[in-house]
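To keep things simple, chains are lettered A, B, C and D as they appear, and every chain counts its residues starting from 1.
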């Protein structure tokens, strides 16, 4: 059983000015992140611009990241593809590259046509074949697909499927998934914006883009909840809403990268057709992050 | 300040076999409900089939209900209409009929065309004119409209707007509204399915259809949260998910009424074009409710 | 058989500055419209702000309009309500007020819960009871409901259901409805924006808001199609797209009313919470209408 | 100027029982298709399961297909990718493999975050770099993205962008795009279901999955329209609605492949997680196709 308790930021892929991957910046970022209270990293997810990387690039980012991530931190590698067979190939390549687990986004191009049973077959085959544990990944805002709770209930019984990153924002669905699966199946909130509510119904961790920029208050929120300090947990959750929106729904991956630039780490450009932030947006981003970073600096 | 802490079931309107309102059944239902741990009642909401009632019927239901609801329980009357002027008239009629507060659903026919400022003007004028406090009501599943959090932030400053029933299911939005408004502004979860997560971010009460059938476990959940008994709260929340779905998203108002019939209260028919449950659906409903009602009977 | 061939503008309801109905302006507008090449009028539809009128107001508008609409032009009165029983009452009141037919918008508050059979029952009962013919009305942009083509196929066999106003914009659905129903069932395009494509698959008429402002080019398009002058028809259709958007999807009912003001008829205010056009929007509207009105003036 | 007039079926990629590409079946299918009245072929589109192929597979299918497609028929190759840079690489590989043009689906994973300008930049750079003409491809049902008409207006001025395959179903948008672009920019209906309406507003061709199975009636419809035989065109369009739905919205790519099997060509399996048709669905498909194939056989 691979434990998924704690905070796992989905890190962006650094590019230089010609949009090539900047592996040196990946290293310097990781050297800083590994000093933070993080249980591990998701590499090659939505915030990693995985869809904009070639297959070989996706694998190389994982291999290089592994060199800088100690063994006591999990490396969860995005290995999703539209076809089952390609996902199986990717999962194996990621395991070879050093991933502790793979996270597989729902196939989605034909999403509206896929019945629940198609997802069950897809993930079941991948989990059968994979040499490392599999984490499901549901992110309707990008995929237009909402992995049905009944498919999750069935898939949770597979010994090689250890959990789900649920980014859909329905805490009711998180409660249902926790209630209908064994304790071994671990639900991760896909965003810091609903981490406390998700904890209240049984989530064990979080995969927050915001943790790339400010891990401490998210970690503190988790600890406050575990300590039943409900007022403090609520106040921390409240403080995360606007900063979190700035690096996710409001400004997207470009916002997350700009935030990294603003705190002295490396964000850099996004790959076209994603667009960089305008100057006014950069200022709005900075204003939103400021209160959180001040608090964060004080508490760390 | 009108306190909205606690459980406020949105009660259905009983019809006899020719779809006329059965006021006698309204009385017998209320006589039972007032013995339950409820802070008050929402009358003439979505579950009250308000849109299927004439204006005079809507008012008479409130007037008759008031006769059977003691003054220490709140009667919150649905008074929404598509136009601001009609909503003002309805709010006054409801106040005259004995309502302690009015709840105003977002106007929605032209919803996609309405900017945030239109909602601010609409609710502001109604609150200016109303002799009783106003509760906002956001229910996207029925209206196709999601009242923007920034409009709520502005409206929360109006002295005659005391809270919002938020049925949209985004606990992130609930957290944001709590964080951005004064303590006097009270947020109610619009469904039992996310009551615990909503409490965790600062909601003070709930308007759950399920409470028409099983108020005790919802009340117990609330008390468990207030007592920081987080495991018990989580288990109670888990037990509510499927029964709640059966009287809301899965079977709708007809499901809620069938559930009342199944526990020996009066549900009766819905108004056409709403359709009664099929026999298999009635059995599925009963199977879903059974565990909850058993527990509920034991604990009461 | 009531023929629905030709152009039927859905007229707005004129209000004075305090939002009361201005029946004198209704008269003066109608006196001008009846000189245009129109087969009749839809009164009390979406563009008539019917949802913002009281029940008595809705009936009085129809009664007053009838005084100024000669018998050789059809008056089709909006009589929809959320419940079947209220719709039946409204249809009878509209017939008494002088309507030649009633148009019934799909019930929609519980729309996502309504199976195809609920619509069949709803419209069937109304058509059974109505003393005047019934026209179905599908307008997903406002209702969030798309009346299923299979329900239309069944309803088209009812002797008192004579057609449908289809505003959904799927010409494929229009083609399907024409193909699957008898010739007696008449399909009307719900907008000038797809009138020619709808004619090409068998629609017989149109209910265009734009015809309140510029009926001639829409009439000319119809005649060009009937005369198989396909290039001319296409050019006319092209000329309607932007002006039509300005009085529908872009600026809504407020745009339609502003356009009437701009051509020297009476538009006047909308009822709150609908909002008046800003000055820049009024200018954009005027710019969009100008080419069409110039051509229209020349051809009439 | 590459002319796009006529019928261009988007052909499926044949797989054998282990889901490997069956190039021999591709050859036998093409040998039959080239005898039909088709202006060319779209290879590696949505119906070609391009998202389920590896990059090398996508290129090889085009190279092999070219061997069996004479030079007087266009080969339009799908070359879309999520990033601009990858799309440029793919376009060049497809040109080298023998494509006469490339068709580029809208990037979509980050679709909701992409402003109109991002699409303009994306397609502009690809068209700058491509050695063969570029066709835009808008297919909201799969992508969740609707390429804005104003972006198309700008892109249509690029000398290397020759047209768009519009599968969104809004004929109003097609009319707008035709009206707002020069005659050199060619709009193709993305489905047989709205080919006649699209022709009526200026489309010049069609990319219909149904043409893989029954090209003749679609070709006849086109000729009837060009000959201003409007009744015949309308009847042909009506006859296509249900068969077209069976190989697109109703049963998807698996339906298209099953239809090929039913007419004695090769459909074969889909790649997982797409699912094969159930036996009842196969029968429903056959029943829907039968009238069309009978007519088609008689007319050819």
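Heads up, the rule we're going with is that a contact is a pair of C-beta atoms (placed from the backbone, for glycine too) under 8 Å apart; a residue touches a chain by one contact, two chains touch by 3 or more.
Computed from a predicted model, the values in this text were never measured in an experiment.
Enquirer: If I average the CA coordinates per chain, which chain comes out farthest from chain D?
Expert: Measuring from the centre of chain D, the most distant chain centre belongs to B.
Enquirer: Using the average of all C-alpha atoms in each chain as its centre, how far is it in Å between chain B and chain D?
Expert: 49
Enquirer: Just the number, please: Cα centre separation of chain B and chain C in whole Å.
Expert: Here the centre of chain C sits 35 Å away from the centre of chain B.
Enquirer: Could you list the positions in chain D whose residues touch two or more of the other chains?
Expert: none
Enquirer: Go through the chains and record each pair that touches.
Expert: Touch list across chains, by label: A-B, A-D, B-C, C-D.
Enquirer: Give the list of chain B residues in touch with chain C in this complex.
Expert: Residues in contact with chain C: 19, 46, 49, 51-55, 82-86, 107, 109-110, 112-115, 117-119, 121-122, 125, 141-144, 252-253, 271-275.
Enquirer: How about chain A: which of its residues touch chain B in the complex?
Expert: 169-172, 175-176, 178-179, 191, 193-194, 196-202, 225, 228, 230, 233-234, 237-239, 241-242
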